[in-house]
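Consider the two complexes below, in which chain A is the common component and chain B and chain C are the respective partners.
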Partner chain A sequence: MKMIGMGCDIGTSATKIVIMKDGTVAGYGVTLTKDKPDQAIEKFINKVLSNTGISLSDIKYCGSTGWGTKFLSLDHSEESLIKCLSKGAHWTVPTARTVIDAGGLSSTAISVNEKGKPMEYRLNDKCASGSGRFLEMVAEALELKIEEIGPLSLSAKERVHMTSQCAVFGESEVIAHVNAGREVADIVAGVTYSVGLGLSTLVKRLGVQRDCVMTGGVAKNVAVVKALEESIGVEVKITYFDSQIVGAIGAALCAQARLKV
Partner chain B sequence: MEDNSILSSSLIRVRPRPEQSAKEAMDIALSKSDLSLEDINHCVSTGYGREMIPFATSSISEISCHGRGAHWVVPSIRTVIDIGGQDCKAIRVDERGNMLNFAMNDKCSAGTGRFLEIMAKTLGVDLDKLGPLALSSKAPVAITNVCSVFIQFEVMCMTSEGKNRSDIAAGIARAMADRLNTIVKKVSVKEDVAVTGGVAKNVAVVNNLKEILGVEILEFKKIDPQIIGALGAALFANERSQRG
Partner chain C sequence: MKEGKERELLNTWKTTMDLAKFVLGYEDLTSLDQWGGREAVREILPDEFRENFDMIQPDLMDTILQPKNRRVALAYSDSLSEYIEFVNRKLDERKKVAYYYFPMSTEIMLALDMLPICYELLGGISAAQYIHGCEDGIDRIQSEGYPDHLCASQKATSGYLLMGIVPKPDVLLKQAWGCDPSNRMYEWASVTFDAPLITFEMPYYYNERAFRFLVGTVKRMIEQLEKISGNSLDEEKLREWVKIGNQATEYLLKIQELRKEVPCPDPAWHRPIDTAYSLLIGRPEAASYFKAVYEDAKKRVEKGESIIPEGKKEIRCAWGWAWNAYSLPFFNWLEEEHGATYLECSLTYFPPFTGLVDTTSLDTMIEGLAWRWFCWPMNRQSMSFSDIWVNDFVRICKEFKADCLMLGGHMACKHFWALNKLLSDAVKEEVGIPTLRFEQDIYDRRFTPVSELKRIMNTFFAML
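Moving on, here comes the complex of A and B:
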């Protein structure tokens, strides 16, 4: 019998859907979380399903996590994001002992055991200083695409020194650097460095244990990952899947585990 | 200023460079009073860009200037809460307007004018309409976050849920005052209390602040609360030019 299930991670910035079939990822999709999420989520699920040739009635279990879980009308179990990130990261990188997730607004560092169970975590859900949203704000201010920021940072000759912690003040500081005639590459290098450094303080508060795995949208920024690696002094692995869908994979795994009980 | 009276003043939105902003504002103020730069005996600059003003004779921190300026307008003032575009300060002054101690936040945009600017933009209202909009609310929403970016997201969600905009504006004013309170309570508030800076123009924030602090807050009737720092700088300039 084929075992087909689904995981949803509805974040403040992105909605992630994963279809699992017999313990493998059969299909997935990542889209921006819409203004009125309810219908948008369902439509997006159907779109992801249509790409896999699986119909909604084939889905035996569905786990959901993230800020927007309340908008999901399909039958589902609600899973904790910390658990989902741990399970998802462990599933993709079994040697993972520290999971660092940086998403649209919040960032989390979790220490997990050899079974992928979360042991302890540190969460920043109060301040947008090192968030994906901050990187978006900087990209908008500099008229860059978000995916250009990482590679551009790596080409910097002389990184600017960012003094602001706050995302809002950081954006103003970026504009001030532009007005002062600094190179865009040098400015974004300063930004990604400060974001990486911010994440490292979260990880250090938890204690660094190898292997470190980074997930979430910010993990796609090579320069942030590099700054994080330099600051904590160990390699940071990125999952071989899209780093944004790790939470959704975890949600599917959590829901599946409930079936077996 | 001439002797002890204001001849003219000006207020502009900052330009990219401080020297440019200062020159433009100075030109406006001079033309209003039919004076030229040569007529100025002493010019004191204050604020973030104070070290970069070529025509300034000397410079003084905006903390001292706000204390001095507010005290000149209302001599009974002992606590000045100055809320500008990118910081907030609570300043205690003595009976002569000299600064005793102060507390400030310039690290986090929550609790600064910048926060209100972002909120006005998110709600789609002009900044000067945010206060009046809040006053018309009967059931202010509860804002749960502290960070400007997080609250922006929270407000966007409330808007898409169809919550009343005046209730959201009232919630924003409350959140702003709560945030200000964390700074203000670091100095022991002594009456009379005045609020200066651009945020003083938001009645809803000032009302909330009165309620939280449990004190009356004096209103400047004849003088724009946003020019108090510059006024203080002019008072120092007067003092210095008389000293020779």
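Moving on, here comes the complex of A and C:
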């Protein structure tokens, strides 16, 4: 009998759905978390399922994590985000010992053991300085697409120095640099560097252990990853799946483990 | 609290203890809600208790009324009442008041016919009982310029002294080790209240030579106390108090052994109270409190009873720093909500080799007391290198079969924050259990409110 399950990670910025079939990812989707999330999530799940040819009635287990779990009306087990990120990262990179997740509004560093069990974590859930939302605010202020920021940063000639780690003050500082006539590439390089540096302080408080794996939307920003690598002095691996779906994979794995108990 | 009466605080506590005993007398009253709510319980109270009842944390009342907590709650109330009566008697007799730092016991002061009051106890008990804890004392000393970001261990008592609601010190005793806020606060109290400060050096090393050094400093402390009290240390009198201290210590060490049982038979909210009574070792009240806790836990082990709700899996927690006193119900919540029991912390753990004091001669007693202080929680960990603290907790986690190590500490406790990653790494590596690091004050709930503590715990236990 085929084991088909689902993992959901409903974050403040993005909703991620993963369909797991016989221990592999059969399909997934990432969308913005919208108004009336309860209806939007269900519609989105159906859309992801339709791409895989699997129907909702085939789903034998469902795990959900993240801020918006409360909006999911399907039968599901509620899973700890830290556990999901650990399990998901370990599943995609079995040598992972440090997981760095940077999402829409929060960032997390987790130290995991050889089995993918979280041993300690540090959260930054009250400050947007290392989060995706900060990068989005900067992109909007500079009239760039979010995905342009990373590559543009790498083309910078002289990175500006960002004095503020705060997202609110940071945005003002970006505008000041624009008014001072600084190149956009130099400005975004300064921003991505400060985000990477902010994440590195979170990781260093835990202790850097190889392998380091980065997950979440911010992991798609090559310049942030590079800055993080420079600061912690080790390579940061990005999962071969979309880095945003690692939490959802973990949610599915956690729910599947409950079936086995 | 009204200003200007030196017995105001202790008499307020006494009313609280009498009120607790009155309420615990109603066997069918097991929670405020079950009785019809706070107002309905208020109705059954004699008039003299009502004002005090309004000051008490409602969830504390609910905690002590739970069947599993009633026996020790009663023992706590009886013992504290008796201690307050003792204090009042000694104040009537105009005995010299000796304020002492917490990692020591009372026998020598009692043998010199002095009134021993632990500086840290006054804030702790108030924090544990009242809705506003000891905030009046904390705010008062902070209004004098004492920094609000430092640990509150001494703040409340200093404020109470300024408010005049606790007895003034005739002498202060302080072990000198690397806790700067407490060192400064004792100096402040000494200068402000014109009371001599006797500091005795804790050695930096943990070996025979260091122990001999400590015995010497204790002997010098006794000489100074003899001058201040006007009494000579009498061997027979000291023996009497040391024997009482041994009774308490024996029970305390036996309770520690019982907490190694799975499931843990000793409720988590006892840990802050255990610390409070360990500060009174030497007094009969400490012996009777620890006897009650021991018998309560032993009975549970014999009957195979658990302190966590049926069906919950026990999560055995060691705490690498300390409890908080401002919400005893928080620890009850940990058990009820998460099945999380509290094994040991750096304010409760006496190593098994602490032993009892040999009462053969004056010298053996002084050495025995010095040895106990050498082993005393936090004295032992803080006076020296990090290895003692780290090794103690690796051993605790193994011997007590801990599932996790909680490292909640005050950011101003530089010693702890300097070593907490070493500790966390050692436990993860050698015991293979997860750790949680977070910030808290032990007396001031405004530093990390209970709701925030619960949020931190919910996240952590969900991860486990």
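In the analysis below, the second predicted complex is superposed on the first by the 261 of 261 C-alpha atoms of A that agree within 3 Å, B and C clash if a C-alpha of one lies under 4 Å from a C-alpha of the other, contacts with A are read in each partner's own complex, and residues count from 1 in each chain.
One rule holds in what follows: a residue touches a chain if its C-beta (ideal position, glycine included) is under 8 Å from a C-beta of that chain, and two chains touch if they have at least 3 such contacts.
These numbers come from a predicted model, not from an experiment.
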Clash-or-fit label for the pair chain B, chain C on chain A: fit
Touching partner for A:S80 - first (chain B), second (chain C), both, neither: second
Which of chain B and chain C A:T12 touches, first, second, both or neither: first
Geometry of the superposed three-chain model: angle at chain A (Cα centres of chain B and chain C, steps of 10 degrees): 70
Partner chain in contact with A:S111 - chain B first, chain C second, else both or neither: second
Contacts of A:Y121 with chain B and chain C, given as first, second, both or neither: second
First, second, both or neither for A:V168, with chain B first and chain C second: first
Partner contacting more residues of chain A (chain B vs chain C): B
Lowest inter-chain C-alpha distance for chain C and chain B in the superposed arrangement, angstrom: 7
Chain B-touching residues of chain A, taken from the complex the two chains share: 12, 35-36, 105, 125-128, 131, 133-134, 137, 164-169, 172, 175-176, 179
Chain A residues touching chain C - in the complex, by the definition given at the top: 79-80, 82-83, 111, 113, 117-123, 205, 207
Of all residues in chain B, those that touch chain A in their complex: 16-17, 86, 107-109, 114-115, 118, 145-150, 153, 156, 160
Footprint of chain A on chain C - complex, ascending: 421, 424-425, 428, 432-437, 459, 462-463
